[in-house]
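Structures are listed in the sections that come next.
Two complexes come next, and they have one chain in common, chain A, joined by chain B in the first and chain C in the second.
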Partner chain A sequence: MDFDPTRVAFIVVSAIAVVSAFRVVTAAKIMHAALWLGLTFLMLAGVFLLMGAEFLAAAQVLIYVGAITTIILFGIMLSEAAEVRGRGAAPLPVRRDDASLFRRIVLPALAVLAFVGVMVVVYSQVSWPDAPAGLGGDTVRMIGRALFTDFIIPFELAAVLLLIALIGAIVIAVRDNGRREQG
Partner chain B sequence: MPVDGSLRLILPEIIVAGTGLLALTAGLVSRRSRLPGFVSMLGLAAAAYFLLAEVAGETTQIWSGTVLVDGFSTLFKAVFLGIAALIALVSFDYIERNGLPAGEFHLLVLLATVGMMFMAGSLNLITIYIGLECLALASYALTGMLRGSAKSTEASLKYILIGAISSGVILFGMSLVFGVAGSVHLAEINAALAGGTPMLPVLLAGMVFLVAGLGVKMAAVPFHMWAPDVYHGAPAPVAAFLITASEAAAFAAALRIFLVGLPAIQEHWTTVFVALAVITMTFGNVTAIVQTNMRRMLAYSAVAQAGYVMVGLAVASERAVSAMIYYLIAYAFATIGAFAVVILLGRYHPAEDIADYRGLGRRAPLLALTLTVFMLSFIGIPPTAGFFGKFYLFQSAVAAGMPWLALIMVLNSMVSIPYYWGVVQTMYLREGETDAPLPAPAGVRWTAAIGLAATLILGLFPDQVVQLVSAVQVVPALLSGGL
Partner chain C sequence: MLSAYTDVVIFFLAGAGFVLLTLAIGRLLRPHNPYPEKLVPYECGEIPVGEGQVPYNIRYYIFALLFVVFDVEVVFLFPWAVVLRELGMYAYVLMVIFLVMLVDGLVYAWRKGVLRWV
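== the complex of A and B ==
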């Protein structure tokens, strides 16, 4: 195989993305998890860039790395949750028996290996067609036109989706002082 | 976007979404009023009127194929509107009693309905996916609405985690199918695969991910882990909504995706669905037997019922599809009716154990009788709707040369008799601690009555309903003759 800088860059960027995504769920401090999440988003932008999707990469940096990570950090600062397990609260008892080892390490590792194995087999068995030509050029214009012509209904439906997310988050998170027994 | 009058074809969706905003505003006027519920029901009625008067009978694709209007989508949309209206009706008392924010509750139910309407009303994977996400996000919030209940919060968290993974899995499956076929439109995918399937392994992987992701929404075993907790912990009207509408929407989307988009690999997904159907109904029924809690029993019964419906997807003939739709409608009415009684009982017995139904035959004779009819319908005893639903599914399986699958259905129905019948026995044969009559709020009574009427009408006049249902085609006529 020839030395292909794009391929090397892709492997490096995606490896960092995978590792930092792993750290998001394993970090003990929630602030660290948020920062790892930001790094994951940034690396994904790199993947998009390598695929020739410049606009997507820029949007990823602006929205995910810029806005969403910042909002998550603000949310953490405004709430009292410094650690994933909660400050003051005793850490959950971690049982170090065989079953927990199996559940926490062996099972996830097996699942990941099985998934990777299956996908590698699947991908290697087919001959992929060449990348479609002529995708370069003004992707911003193309995406904009597609969003506001062919895909206007999904686009508008996405607005409904955001409204649902907004109201749903408020319903779940709003402070309710007059709590009583429900069910 | 061509302004050619095609907007009126999605007027029902627009009305439902607008009604949601109105209901939210109505909820702001007074925190504890019933106004949002009435607004919601009026809006749903208006949407149903426009659907039946303006849209029914049309078969056309609009907006570059992102929306499809045909008999299949219109029927499903009518079912969704009906279910949403019944949920609004049954939840008046529940919302007041638990101090839920009425405006937000109805808004989320209505916007979830909009999402489901687009899931059934499109051949475009992107529209279907965003519709699915609308439904999913609204469901998570609705599930967690009982903030004072640990069960509800736990259910919501589990549902968010499993639901988010399933969304990712569906997207991955869609992207693999897109990678092979080069289109997100199911008809074009069909056309691209018609001449042969060059990248079969990738396509099969995509198919498996789609089955798994949609299987989560259908609560098919082994993707059902969230279902018992959610159906048990969520507010009771929400549980009824998820068991009926959400499941029906998942089946509608699955029918479109597999029958319209992927008939080229039908032999493969048929095998998968046969296996899933058998596992799902057997597991659901066997687990339901040992439940002592009414909501958990109904939850596992919902899993089993999803297995029966999946028989239709496994057979995948035109007859099987109409049998599925008939079954989904019959099951929806019986479930919401049964949940009306559950909601009433939950008011006096928050634990919702089956043992709490002791003496119900004396305390609320009419409601006990309706619940008996619903249980008979779940078992599949004539002349209830459930009998004909199972009968048509059975018939379609035999006609498609799968008599053993039909046999497994019958065996499963027999396994299910003890736990459904156990509820009836508890109501009539076991003495309750008290004989105090249970006054039922009007909304609960009406919902139970509508459920009862529909269950009996569908059971007594099945031919007319079957005629209506079998006129519906999953593969719209405008596509079957080529693109």
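== the complex of A and C ==
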């Protein structure tokens, strides 16, 4: 195999993504798990970028790394439950009986085998379409052109949807309206 | 196209390398002598009371929500900025409509006093 920088970068980025995804599950403190999740999202953005999906990579960084991770961190920080925050809570005792062996080793192994089997079947059955010509060019420009010509109504409806979400969040989050308006 | 991202990779590696190198040098140079008083969180000489991890004020949450909404908006600004020169005034007006609709939400939050810290 020739030395292909794109392939090397893909392997590095996806390896980091897999390792940090594993750390999300195994990290002892949930705050650390959330930060590992952010790293996983960032590396996925790198995978998108290597596939030539620049807009998807930008959206991934902005929405997943920026917004979703922030919301998760806020959810942890606002939480009062000691077991969520890992404050003074003893780690759950690990039981070494047959049931836990089944749950911790056999079931995950079965799930992994089933997933690998499905993916192998999918890869062998599906006929992959060739990459359309012109892709790998300026995809952001193509998306922008489509967004402001054919899809302009959905685009403006997205603003309405965001507005509804914003107002809904404010209505739900702010309960003590009467008291606040005096101050 | 991807070669344009070589710069990004170099920046990324240089940034990560700088942090790691600095921490490594610090670890090599600094004396290592921990004792209980030194390991206590520093609060201007006071002995800390209670836990450091207190639940944060719920009022921060609304700022996170506002941030998420305007974060999604920025995603739409990306392709707009790329095609603006080509589509001209038409795209500009459409984006202004888009933004005004979202700024409505911000004005609503403002009028509701959500942004005020009381």
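Here is the rule we go by: the second predicted complex is superposed on the first by the 113 of 183 C-alpha atoms of A that agree within 3 Å, B and C clash if a C-alpha of one lies under 4 Å from a C-alpha of the other, contacts with A are read in each partner's own complex, and residues count from 1 in each chain.
Rule of thumb we're sticking to: contacts are C-beta pairs under 8 Å (C-beta built on N, C-alpha and C of every residue); 3 or more make two chains touch, one makes a residue touch a chain.
What you see is a predicted model, and the numbers here were worked out from it, not measured in a lab.
Novice: Considering only the touch criterion stated at the top, classify A:53 as touching first (chain B), second (chain C), both, or neither.
Specialist: Touch partners of A:53: none, neither chain B nor chain C.
Novice: Of the partners chain B and chain C, which touch A:21 in the superposed model: first, second, both, neither?
Specialist: So A:21 meets neither chain B nor chain C here.
Novice: Let me test your reading of the model: by the given contact rule, A:126 touches which partner, first (chain B), second (chain C), both or neither?
Specialist: first
Novice: Who contacts more of chain A, chain B or chain C?
Specialist: C
Novice: Considering only touches as defined above, state whether A:70 meets chain B (first), chain C (second), both or neither.
Specialist: A:70: touches chain C, not chain B.
Novice: Of the two partner chains, chain B (first) and chain C (second), which one does A:165 touch, if any: first, second, both, or neither?
Specialist: both
Novice: Looking at the overlay, does A:150 come into contact with chain B only (first), chain C only (second), both, or neither?
Specialist: first
Novice: Residues of chain A that sit at the chain B interface in one complex and at the chain C interface in the other, please.
Specialist: Common interface on chain A, chain B vs chain C: 148, 152, 158, 160, 163, 165, 167, 169-170, 180-181, 183.
Novice: Looking at the complex, which residues from chain A come into contact with chain C?
Specialist: 5-6, 9, 49-50, 52, 55, 58-59, 62-63, 66-67, 70-71, 74, 77-80, 85, 87-88, 136-138, 140-141, 143-145, 147-148, 152, 155-156, 158-160, 162-163, 165-167, 169-170, 173-174, 177, 180-181, 183
Novice: Which chain A residues qualify as touching chain B in the complex?
Specialist: 118-119, 121-123, 125-128, 148-154, 157-158, 160-161, 163-165, 167-172, 176, 178-183
Novice: Can you list the residues on chain C that touch chain A in the complex?
Specialist: Those in contact with chain A are residues 1-2, 5, 9, 51, 53, 55-56, 58, 60-62, 64-69, 71-76, 78-80, 82-83, 86-87, 90-91, 94, 97-99, 101-102, 104-106, 108-109, 112-114, 116, 118.
Novice: Give the list of chain B residues in touch with chain A in this complex.
Specialist: Listed in rising order, the residues of chain B that touch chain A are 1, 10, 17, 24, 63-64, 66-67, 98-99, 101, 104, 107-108, 111-112, 114-115, 118, 124, 126-127, 130-131, 133-134, 137-138, 140-142, 144-149, 151-152, 156, 198-202, 204-205, 346, 350.
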